[in-house]
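The same chain A turns up in both complexes below, where it pairs with chain B and then with chain C.
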Partner chain A sequence: MSVIVSLLRRLEGPQTLGRGRGFWSLFALVLGGAVAYPLFSDGYTVGNTVYFFVWVFIALSLSLIWGYGGSLSFGQTAFFGIAGYGYGILTINFGAGYGFTWVALLLAIAFAALFALLLGYFMFFGRIAGVFLGIVTLAVTLMLERFMAQTAGPEWHIGAARLNGFNGMSAMPPLMIPWFDEPIVLFADIGLYYVVLGMLVVVYLGLRVLMNSSFGNVIVAIRENPERAEMLGYDIRKYQLITFVIGAALAGLSGVLYTVWGQYITPSSMGMTAAALPLIWVAVGGRSDLTTTVIGTLVVLSGFQALTIYGSQYALVFMGVLLVATVLVAPNGLVLGIINWITRLARRRKQEAA
Partner chain B sequence: MALLQLRDLNKHFGGLHVTNSVNLVLEQGEIHCLIGPNGAGKSTLFRLILGEHQPGSGQICFAGEDITALKSFARIRRGLSVKFQVPGVFKGLSVRQNLEIALQSRLHGGELVQEIDRLLAFLGLAAEQAQTAGNLSHGQKQWLEIGMAIALKPRLLLLDEPTAGMSPEETHMTGEMVRRLNALGMTVLAIEHDMAFVRQVAQRVTVLHLGQVFAQGSIDEIVADERVAAIYLGQTHA
Partner chain C sequence: MDIATLAFSALYQFGDAFAFLVLSACGLAVIFGMMGVINLAHGEFIMCGAYVTAATVHAGLPLPLGILCGTLVAALVGVLVELLVIRHLYDRPLDTIVATWGLSLIATQGTLILVGSTMAGVGTPFGSFQVGAYSYSVYRIVLFLAALAVLGALYALFNWTRFGVLARATIQVPHMAAALGVDTRLIYSLTFACGAGLAGLAGGLYAPTMTLVPTMGATFIMEAFVTVVIGGADVFLGTAPAGGVLAVVKSAMTSWQGQLFGQIGLLIAVIIVVRVLPKGISGFVLRERT
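On to the complex of A and B.
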C-alpha cells in the first residue's frame, strides 16, 4: 500500500511539468474526451487516429534518451524497425492463436531491447558520447535499412516469413484478444484505439514516476554534468545504458503497434526521413518534458498529415523549416516555450493583483 | 594512521612528465594544502587520485586498500569526494535538487528532506534553494559544490581551488567552513593559491614543482623556505 502511495507521489516532481488539482483535472478532461471520441466518430477516422498515437511512444523514447538523458539518438528508428519486423516474423511463423500475438508483441520489444543493450554497451562503455553517439546510431539505422532493402530474393526468409526487400513484409495478423468462441481481432478501428490509448496512459504515467524517482534525478544529472554525476559515486555508464534500453523498448512498442495497425512494415520505416521526423516532433514540442513531447508530437504529426494531403513532398520542406525555426526561436521547444510564457504571465498578473 | 598514500606515482602526457615519482602520505584527520606554481601538476595529481587519469606507474592506497585500478565512481563510494576547480554544479537544476542528487544514495524520505534543509542552512543557501543553480553567483556555486561534495560524508575531501574567484570575506568564510568540517572528522586535501587561506586552514603544506614534491612542512617552514620563494618567482633552477 505504501509503495503505491509513494509511486503516486512521484507522478509530480521537478522533472515533469504539471502539478496540483488544476493539471490533473485537465488531464482527466482530455482523457475523458479521448475515451468519448469514438462515440462521435466513425471506425475509419478512429482507426486513423490510432496512427498518431502509435508514434507517441517513439517520441517519448526520444524525450527520455535525448531530452532527459542528453544523448541524441537516431537509433530509435532502428529499434522501431527491429520490433516491427520481429512481430511479423514471429506471427507469420507461429500464427495468432491462443493469444500468441501478445507474446509476439513482448518478444519483438525484447529483441529491440536486447539489440539496444548490445549496441549501448559498446557505445557507453567505449566512452562514445555527444555528437558521436548520434553518428553511430544513425549509421546503425541506415545500415539496417540498406540491409533489409536488399532482401528481395526468395533466399531471404526466416521460416515461413519472406523479408521481401524494399516492398517490406505484410499480411501479419493484427493483435487478437482470446475470447470464448472467437478471438476479438483488433483491426485498426475502435478496439485497437482503446488498447493503444490505454498503453499510452500507462506509459506516460509510468515515465512520469520514473523521471521523478531517484533514477530520473541521476539521468538529468548526467545530462547536466556527467563528470560531476560520476564524482557523486554514480556509475553513469550503467545509468545511460539502462535509459537507452528502456528507450529502445518504447521505440520497439511503437514499431509493433505500427506493424499491427497497417499490417505491414517496410525498410523505409528505418530510413533517413523516418529517423529525422521523430526528432523534429520532439524538438518542436520540448524534448525535456514528457507532456510537451506528447502534445508536440500529436500537433506536429497531425499538421504534417494534413499538409501531406495538400502539399505532398512540400510537407517535408515545411518540417525542415519548422525545425530551424524552433532551434532559432525556442531552442527548448515551442510548446514548452509557450507554457513557460503563460506561467510567467500568470505569475506576473498574480503579483500585480497582490 | 595514513588515510591516503601515493607511492612513486608517475604520469606522462606525451613527452611531458607531469607527475614525477610523487610520494605523499595524508594522515587521517589533517588539513593538507597542495601549493605550487601553475603547471606544477597539482590538478593532474587530483585526477590521478580520483581515477580520471590512470598513472603510468605507482600505487594509490586509500584507507589501506589499493584503489589504483578502481573506476572513479567506485573510489567515491569508498569515501573520496571532490570539489572541482571550475564549479561543477548541475546548472539547469534547482539548488535543492542539486543537493538531493548528492544525498539520495545515502538517505531517503523524511531524513533526506531534513538533511537537505540542514545542508542549505550550513551553506547559507536556504533562500536560494528554489533557484536554478546556473543563476547563482560564482561564490555561491562554489559553496553549493562544496555542499554536494560533503553530502557524501566523505572520509577524504579533495578541494581544487575552493576560493578561486571569491572576495576576501568569502574566502575567509570558506576557510571557516573547511575548519568546521575538519573538526567533524573530515580529512581535507586542498589545492590553493590564496596564501591567506592556506595560512588559515593548513596543518601541513606540500609544494609541488615540475611534477615533483619540492618541499613539505608546516606553513611557517614553507614560507621561510627561500627555495620555495624562488620557484614562485620563476627561478626554476634553484
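On to the complex of A and C.
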C-alpha cells in the first residue's frame, strides 16, 4: 500500500509541469471529454483521432531522450519501423488466434528495445554525445530505410511474410481480445480508440512517475552537466542507455499501433521526412516537458492534416518553416514558452496584489 | 582474368569510392571542424550545386563552367543561410542540427514544388576505356583526381593563406583571436560559405553521373556523415584517411555483395569506430602527438 502511495506522490514533482488540485481536475476533465468523445462522433473521425494518438507515443519517447536526457536521437523512426515490421512478420506467420496479437505486440516492442540496447551500447559506452549521437542514429535510420526499400523480390521473406520492398507490408491482422465465443477485433474505430487511449494515459502517468523519481532526476542532472553527474558517482552511460532503451520501446509501441491502425507499414515510415516530423512536434510543443509534448503533438498533427487537405506539398514546407522559427524564436518550444509566460504573468499579478 | 586487370579493377573501385566519400564529406567536415556545427542541410547544398550545374549546361555553358556556377551559387546560399539562421545558434550546437534539418525539409520540398519531381540530366563526358574484359568510365578517374585536387586546395587554403591562418586561430581560441582583432563572425561566415561551396562542387561534379531529383541529397549525406564521424574534426588528419579506410571497406563489400552491402559495411564500420575511437581518427592522431 505504501508503495502505491509513494508512487502516486511522484505524479507531480520538479520535472513535470502541472501540480495541485487545479491541474488534476483539468486532467480529469480532459480525460472525461476524451472518454465521452466517441459518443458524439462518427467512426471515421474516431479512427482518425486514434491515428493522432498513435504518434503521441513516439513524441513522448523523443521528449524522454532529447528533452529530458539531452541526447538528440534521430533513430526513433528506426525503432518505430522495426517494431512495426516485427508485428507484421509475427502475426502473418503465427496468425492472430488465442490473443497472439498481444504477444506479437510485446515481442515486436522487445525487439526494438533489444536493437536499441545494442546500438546504445556502442554509442554511450563509446561516450559519444551531442551532435555525433544525432548523426549516427540518423545514419542507422536511413540505412534501415534503404535496406527495406530494396526487399521487393520474392527472395526477401521471413516465413510466410513477404517484405515487399518499397510497397511495404500489408494485410496483417488487427489487435484482437480473446472472448468466449468469438474474439473482439479492434479495427481502427471505437474499440481501438479506447485501448489506445488507455495505453496513452498509462504511459503518460507512468512517465510522470519515472521522471519525478530519483532516476528521472539523475537523467535531468546528466542533461544539465554530464561531468558533474559523473563526479557525484553516477555511471551516466548506464542511465543514458536505459533511457534510450525505454525511449526505443515507446517508439516501438507507436510503430506497432501504427501498423495495427492502418494494417500496413512501408519503408518510407523510416525515411528522412518521417524522422523529421516527430522532431517538429516535440520541438514546437516543448521538448523538456511531457504535457507540452502531448499538447504540441496533437496540435501540430491536426494542423498538419488540415493543411494537407489544401495542398500536401506546401504543408511540408510550412512544417520546415515552423521548425526553424521555433528553434530561432522559442528554443524551449512554443507551448512551453506560452505556459511559462502565463505563469510569470500570474505570479507578477499576485505580487502586485500583495 | 590475370592479376593486373584484377588489381586495376579493385583500384578503380577504390578510387571511385574514395572520391565519392571525400567529395561528399569535405564540405561537411570543413564546417564541423571549424565551427562544431553539423549541417544537416548538407545534402541540399549538394542538390543545389547539381541543379545549377545542370541548368547552366542546358543553357549552353560548358560543363566545367557549369560546375563553377553550381559551386558559387551554393556558396552564396550558404552565406545567406549563415546570416539568417546559423549565426544565431552558435552557442547551441544541438539546435543547429534541428534548424538545418528544417532547412533541408524546406529545400527538398521547395525544389519539388518549383522545379518538379525530376530535372533533365547532363550526359557523362569523356566516354570510356577498356582494360581486360571490362570497360571503365574516364569521368570516374577525373572525379578521383578532383577529390585529390580538393584536398590539396584545402591544405593550401588553410596553411598558406592569410584567411587560413585567421581561420585556424579562430578554431583554436575564438576569444583570443577576437581580442587580437580578427573578425571572427566574418571568418565563420566565410567558412560556412566555403563548406557550402564544397558541397555545391560535389553536386556539380556528380551531376553528370546521376538522376537529378529533389531528394538526391539523401544519397550523399549518409556517406558524408559516416566519413566525418570516423574522421573527426580535422579535414586532413581525419577526412582524408577516413575516406581512404572507408573506401576500402565500401569497395570490397560492394564487389562482394553489391551496393547495399557496401553501405551496410560503412555503417558497421562507423559503429565500431565510434566505440573504439570516439573522437575519430584525427582525435586519435592528435592525442598521440601531444
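Here is the rule we use: the second predicted complex is superposed on the first by the 354 of 354 C-alpha atoms of A that agree within 3 Å, B and C clash if a C-alpha of one lies under 4 Å from a C-alpha of the other, contacts with A are read in each partner's own complex, and residues count from 1 in each chain.
As a convention for this text, contacts are C-beta pairs under 8 Å (C-beta built on N, C-alpha and C of every residue); 3 or more make two chains touch, one makes a residue touch a chain.
These figures come from a predicted structure and were not determined experimentally.
**Student:** After the superposition on A, what does A:Arg127 contact: first (chain B), second (chain C), both or neither?
**Tutor:** After superposition on chain A, A:Arg127 lies in contact with chain C alone.
**Student:** May I ask you to decide whether A:Phe166 touches chain B, chain C, both, or neither, giving the answer as first, second, both or neither?
**Tutor:** Once the two structures are laid over each other on A, A:Phe166 reaches no partner at all.
**Student:** Between chain B (first) and chain C (second), which does A:Leu142 come into contact with in this model arrangement: first, second, both, or neither?
**Tutor:** second
**Student:** Let me test your reading of the model: by the given contact rule, A:Met231 touches which partner, first (chain B), second (chain C), both or neither?
**Tutor:** After superposing on A, A:Met231 lies in contact with chain B but is clear of chain C.
**Student:** Who does A:Pro14 touch here: chain B (first), chain C (second), both, or neither?
**Tutor:** After superposition on chain A, A:Pro14 lies in contact with chain B alone.
**Student:** So in the superposed three-chain picture, is A:Ala221 touching just chain B, just chain C, both, or none of them (first/second/both/neither)?
**Tutor:** Only chain B is touched by A:Ala221; chain C is not.
**Student:** Going by the contact rule stated at the top, is it chain B or chain C that touches a larger number of residues on chain A?
**Tutor:** Chain A has more residues touched by C than by the other partner.
**Student:** After superposition on the shared chain, which partner residues are touched by A:Tyr44: those of chain B (first), chain C (second), both, or neither?
**Tutor:** neither
**Student:** For chain A, which residues belong to both interfaces, chain B and chain C?
**Tutor:** none
**Student:** Which residues of chain A touch chain C in their complex?
**Tutor:** Touching chain C from chain A are residues 70, 72, 119, 122-123, 125-128, 130-132, 134-136, 138-140, 142-143, 146-147, 150, 272-273, 276, 279-280, 283, 313-314, 316-317, 319-324, 327-328, 331.
**Student:** Which residues, counting only chain A, touch chain B once they are in their complex?
**Tutor:** 14, 214, 217-218, 220-221, 223-225, 227-236
**Student:** Residue numbers of chain B touching chain A in their complex, please.
**Tutor:** Going through chain B, the ones touching chain A are 50, 52, 71-74, 76-77, 81-82, 84, 88-94, 97, 100-102, 104-105, 145, 148, 152.
**Student:** Which residues, counting only chain C, touch chain A once they are in their complex?
**Tutor:** For chain C paired with chain A, touching residues are 32, 36-38, 40, 85, 88-89, 92-95, 97-99, 101-106, 108-110, 112-113, 215, 218, 221-222, 225-226, 228-229, 260, 263-264, 267, 270-272, 274-276, 278.
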